[in-house]
Amino acid sequence: MQMNREDLLQAYRRMRTIREFEERLHLEFATGEIPGFVHLYAGEEACAVGICMQLTDRDAIASTHRGHGHCLAKGVEVAGMMNEIYGRKSGLCGGKGGSMHIADLSKGMLGANGIVGGGPPLICGAALTAKVLKTGAVAVAFFGDGASNQGTTLESLNLASIWNLPAIFVCEDNGYAESTSSAYSVGGSQAGRAAGFGMPCHEVDGFDFFAVHDAAATAIARARAGEGPSMLHVRLSRYFGHFEGDATTYRAPGEVERLRAERDCIARFRKRVTEAALLDDADLDSADEAVTGEIEHAVADAKNAPLPSEADLLTDVYVAY
Amino acid sequence: MSKKSYRAAINEALRQEMRRDPTIVLMGEDIAGGAGAPGEQDAWGGPLGVTKGLLAEFGRERILDTPLSESAFIGAAAGAAATGLRPVAELMFVDFMGVCFDQIFNQAAKFRYMFGGRARTPMVIRTMYGAGLRAASQHSQSLYPIFTHIPGLKVALPSSPYEAKGLLIAAIRDDDPVIFFENKMLYDDEEEVPDEPYAIPFGEANLTREGDHATIVAFGRMVKLANAAADRLEKAGISCNVVDPRTTSPLDTGTILECVEDTGRLVIVDEASPRCNMAADISALVAQEAFGALKAPIQMVCPPHVPVPFAPNLEDLYVPSAERIEAAVRAVMAYKAREAA
Amino acid sequence: MQMNREDLLQAYRRMRTIREFEERLHLEFATGEIPGFVHLYAGEEACAVGICMQLTDRDAIASTHRGHGHCLAKGVEVAGMMNEIYGRKSGLCGGKGGSMHIADLSKGMLGANGIVGGGPPLICGAALTAKVLKTGAVAVAFFGDGASNQGTTLESLNLASIWNLPAIFVCEDNGYAESTSSAYSVGGSQAGRAAGFGMPCHEVDGFDFFAVHDAAATAIARARAGEGPSMLHVRLSRYFGHFEGDATTYRAPGEVERLRAERDCIARFRKRVTEAALLDDADLDSADEAVTGEIEHAVADAKNAPLPSEADLLTDVYVAY
Amino acid sequence: MSKKSYRAAINEALRQEMRRDPTIVLMGEDIAGGAGAPGEQDAWGGPLGVTKGLLAEFGRERILDTPLSESAFIGAAAGAAATGLRPVAELMFVDFMGVCFDQIFNQAAKFRYMFGGRARTPMVIRTMYGAGLRAASQHSQSLYPIFTHIPGLKVALPSSPYEAKGLLIAAIRDDDPVIFFENKMLYDDEEEVPDEPYAIPFGEANLTREGDHATIVAFGRMVKLANAAADRLEKAGISCNVVDPRTTSPLDTGTILECVEDTGRLVIVDEASPRCNMAADISALVAQEAFGALKAPIQMVCPPHVPVPFAPNLEDLYVPSAERIEAAVRAVMAYKAREAA
């Protein structure tokens, strides 16, 4: 599928934003200032961006514990996210959610999720809303290879299939669920499962932004046309540990370094668009610079932002009670 | 106004609300029935016929029969509620919560708080609870204490047809997730129920009877038994308040505490298992907030700490009875006598 | 696979016992004397018997709400079952379980189950016991077409697959879950799902005892040899309503009558064994007679048996407390 | 005898019991870690390293890493327990119960009763609970009241390394299903723990401190805070009993009632959400059974009825603190003063 210059620049900038966001969090986490569990998306950027840039704010996505990339790809603001991750009142969720629960419903982002397999049922619901209210929207569930073994995910594939929902199930297969390899935990195959529930599956190289983009385009068009759900099985890799603090001793020595050097989705994107003269290095360099500045600013801002007030503990449990 | 059964009152509430608001959809197993089958469509209206007839008016776009996948469809209700629909999902028996609880208590219940107040999840889960149908231990539980324990959920327990219609309409109009507990032994009960829609506000107890000597707080089906016990006690000169809290979350603590202040004696009747249940919850409330008014130990009338047995004679022993309630009231009254002595 | 005369007679007798048991309960239920929910297995006998007659008491099965057939096929005693269904102290579970919870662990029967999809995880456990203790046993989960959409079932297929458990998953596809057709509720196919989780599936005509028997033999042999789990997708039909009291208006007019007349598993078995001169009508008639007597006796016995005593309400919750 | 952490004490209990009984198997996500991976096997020993090192001794036949399928593997533990193994399954965070609760409460918990006493289900579910790790609302809950509500389950809450080892050994040897709640903030706590195996019987409370003026009942991590509060109160001349019930089911009602008979004043500290929780359960027990001994209202120290917030400053306000416990004791003491006045 053809992409214009503007879209390409936008895609690059989004991927770079995610990378910079995550690399920076990796450093900041080590200082001990960031509370709780943080799961970084670095390495997987092409997947979130290749899909989400084809969605509007009416289209919904459900994310995972590894949610920063999905948020940023869906257009959620850097500053609100960073503040949230630091537990500040100015965070997107007022500091009550943290990294694992960032959401922005105004952007169609239904939330990161601390429960593995929590998102796919919700996406059936968002897709149902689109179908019943005839909004033309689609709904996308991101889930990991680990989550593909959770009953909630499997039931959702069937429900979307028999209700013919405008839903897309994106299995982000990074080869591990925590320290357990998908070679061990996944019986059969993702494509086989999709077929078993009656939906098509696209096998996608997740290091290749354009491969993701094209497969997503097909799945989205199918969903918008009322032809039902699809699965995307995207193979990719995370560059950091399962969460910050994980020593990743279960991975092969040099595994990540090799992937970073040889298959990195951003480097590959850059090479391809510059070689094809679609964008030039100057465009991309200035995007890099802008991104660095934005993240720098967001971190500084978050560190100095005020904490939630004592009264906030008790608000927002119910709309009315 | 006309006599309606609990079943019919619920059906009418659903129908009237669906007419009013096109974003309301129903989903559940066999809630119409006959999907994809060669015979009658709307063959069941749920296993006890509660949703029967809605399909004809609203069609399969809004009356959604589901596969046997509670996690997926209860979660879908939550996702739909967060994105613009107002779903009413049926969890056929509350005993089945164990296959889908995550979508209720970690997703729907917490959206609002964990997203910093920027989500609304207007969904209702209608579900059937309680013993008495000889359905044994996996189809007879009264698990509302578990849902009451969870911040973010509201829990309603209609005790009669009138209550059922008004509380269900309130539940549907509510912007928070509501778990609506229908007692399976009440479906055929009848009483006068207004034809027009009306909402009974949550968190306002119904003082079904006033008295001077003791207060009985009872939930759901137990309200009927409490009133039967109170009738008998009345004849023996003991007059009771009978409080139906209607919702366990929010709970009308004010009415309960006032009644205890007035009578000084409290009996709580709860069909749920005895540990960490609503009887304990209210007992604790009163022991902390109205201690000075208490003239006798609080008596709890609950089933024993055992699964619900199948054999009818055992099941009848299991469920709190009017006799046991009466005995408990007599016990709190007798305590006074002993003190005086 | 060849079966000897004794086995054939045994198979016939078991199928007839189930049929007679269920037909009689159908009549007795109408009198109002049987408490609770009763789900009858009549019509599906070839499935339970074709499989269970190849199992020993060490092999485990997990059943469903429609459990009488599985119990009887696994060798559970008629009298204990009938007493249980009538809620008598002399019932197999002391009257505490009823129709939906009959179990006999001494026969490897892990229980009927009131929760649809409750059994498959348990069977992973029973198969694990066999594997860890090296007993050579296998474990069989029966589940319906409706249950095939339950996450617990789907997760179990994967777990059995990756743990290479000696388990067999028998999907009893009678076309309906309550009033909902499997054509509506099942996306994809059972065989596709089995493949999706990495196990073989046998498509089986459940009206044909010998087809069931042969497919089960293959799956059992595979499991006993340590080669892993299989699925059997058995198409069959229930003759009565979902539960007693169901008017079955969702079925096509004449659907059941036609199946009874043309495809009945017991009639077909009888025809086949008599035509092949493996058994003669006299053998079979006398089996019929014995079965009728046994059921008659069991019903009379159950009706007069004593109820549980008040003290029984509180016992058997814990081994020790 | 040597100093051991809560983590090490649990690990030792598992190791010693597995040596003794070959039918014990462990299962859970990453309980060894590295399954099928190219790098280190036993890479994790669970997310907090509690089961680390067991793989080397017992191998992948008995230390079973599972897929992310809690229903399947917790159910497998139940099925294995009913057929001859003695599984110890790890439900990583108790917050995940919602995807597998059916196998716990409708299957494992009820086998014995619904099968008329002819089943035994010797399984343990180890799980992590509690706030404090800044893990937000889906990884910080204290859901033991829900499990305590269910007949057929036993529930243990070890409050220290010594307790953890002895209660886990008892749990493993128990023939009923036990839910074993490990508080995530205690893993690094250390104390003297015997090297040899020992079992602490269920249903026998530990009177961690004796006093005359008030009784504090506290669970799990709250026992530590209760003792800290009692230390401070001691200095102010107020001496307290601090009761650690150790197991909520069975519950040692005798010790609690005796302590209340002695002191007449009761404070209950519960980290679980405040509705239908253990504070309510014990409050109700006392208000029914030891009413006559009570000299003041029962005070409950619990979190507010809200999900666990992420922001550290809010989370610190959420969890009961030694200060709040101290204030509650002072309040029950002050009540006496008011009465006397």
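The first chain written gets the first letter, and so on, giving A, B, C and D; residue counts start at 1 in each chain.
Just so it is clear, a contact is a pair of C-beta atoms (placed from the backbone, for glycine too) under 8 Å apart; a residue touches a chain by one contact, two chains touch by 3 or more.
Model, not experiment: these values are computed from the prediction.
A.B. asks: Let me check something: if the centre of a chain is the mean of its CA atoms, which chain is farthest from chain C?
C.D. replies: If we average the C-alpha coordinates per chain, A ends up farthest from chain C.
A.B. asks: Just how far, in Å, is the C-alpha centre of chain C from the one of chain B?
C.D. replies: Centre separation, chain B to chain C: 36 Å.
A.B. asks: Please work out the Cα centroid separation of chain B and chain D, and write it as a whole number of Å.
C.D. replies: Here chain B and chain D have centroids separated by 30 Å.
A.B. asks: I'd like to verify one number: the distance from the centre of chain C to the centre of chain D, where each centre is the average of its C-alpha atoms, in whole angstrom.
C.D. replies: Centre-to-centre distance between chain C and chain D: 40 Å.
A.B. asks: Which positions in chain C touch two or more other chains at once?
C.D. replies: As it turns out, chain C has residues touching two or more other chains at 93, 95-97, 101, 113-115, 149-152, 155, 158, 162, 184-186, 317.
A.B. asks: Residues of chain D touching 2+ other chains?
C.D. replies: 66-67, 69, 71-72, 95-96, 98-99, 102-103, 106, 113-114, 136-138, 151-152, 305-307, 309-310
A.B. asks: Work through the pairs of chains, note which ones touch, and then classify the graph as line, ring, star, complete or other.
C.D. replies: Shape of the chain contacts: complete, all pairs touching.
A.B. asks: Any idea which chain D residues touch chain C in the complex?
C.D. replies: 23, 25, 61-62, 64, 66-67, 69, 71-85, 87, 99, 102-103, 106-107, 111-120, 151-152, 154, 174-176, 203, 250
A.B. asks: Within their complex, state which residues of chain B touch chain D.
C.D. replies: The touching residues are 71, 95-106, 109-110, 113-114, 136-138, 143, 145-146, 148-152, 248-249, 251, 272-273, 275-281, 283-289, 291-292, 294, 296-300, 305-307, 309-310.
A.B. asks: With touch defined as at the start, can you tell me which chain A residues reach chain D in the complex?
C.D. replies: Interface residues on chain A, with respect to chain D: 35-37, 87-89, 93, 95-98, 100-101, 113-117, 146-147, 149-152, 176-186, 248-253, 255, 307-308, 310, 312-314, 317.
A.B. asks: Of all residues in chain A, which touch chain C in the complex?
C.D. replies: Going through chain A, the ones touching chain C are 149-152, 154-155, 157-158, 161-162, 184-189, 192-199.
A.B. asks: Going by the contact rule at the top, pick out the chain D residues touching chain A in the complex.
C.D. replies: 29-30, 33-41, 43-44, 47, 65-72, 95-96, 98-99, 133-139, 304-307, 309-314, 317-318
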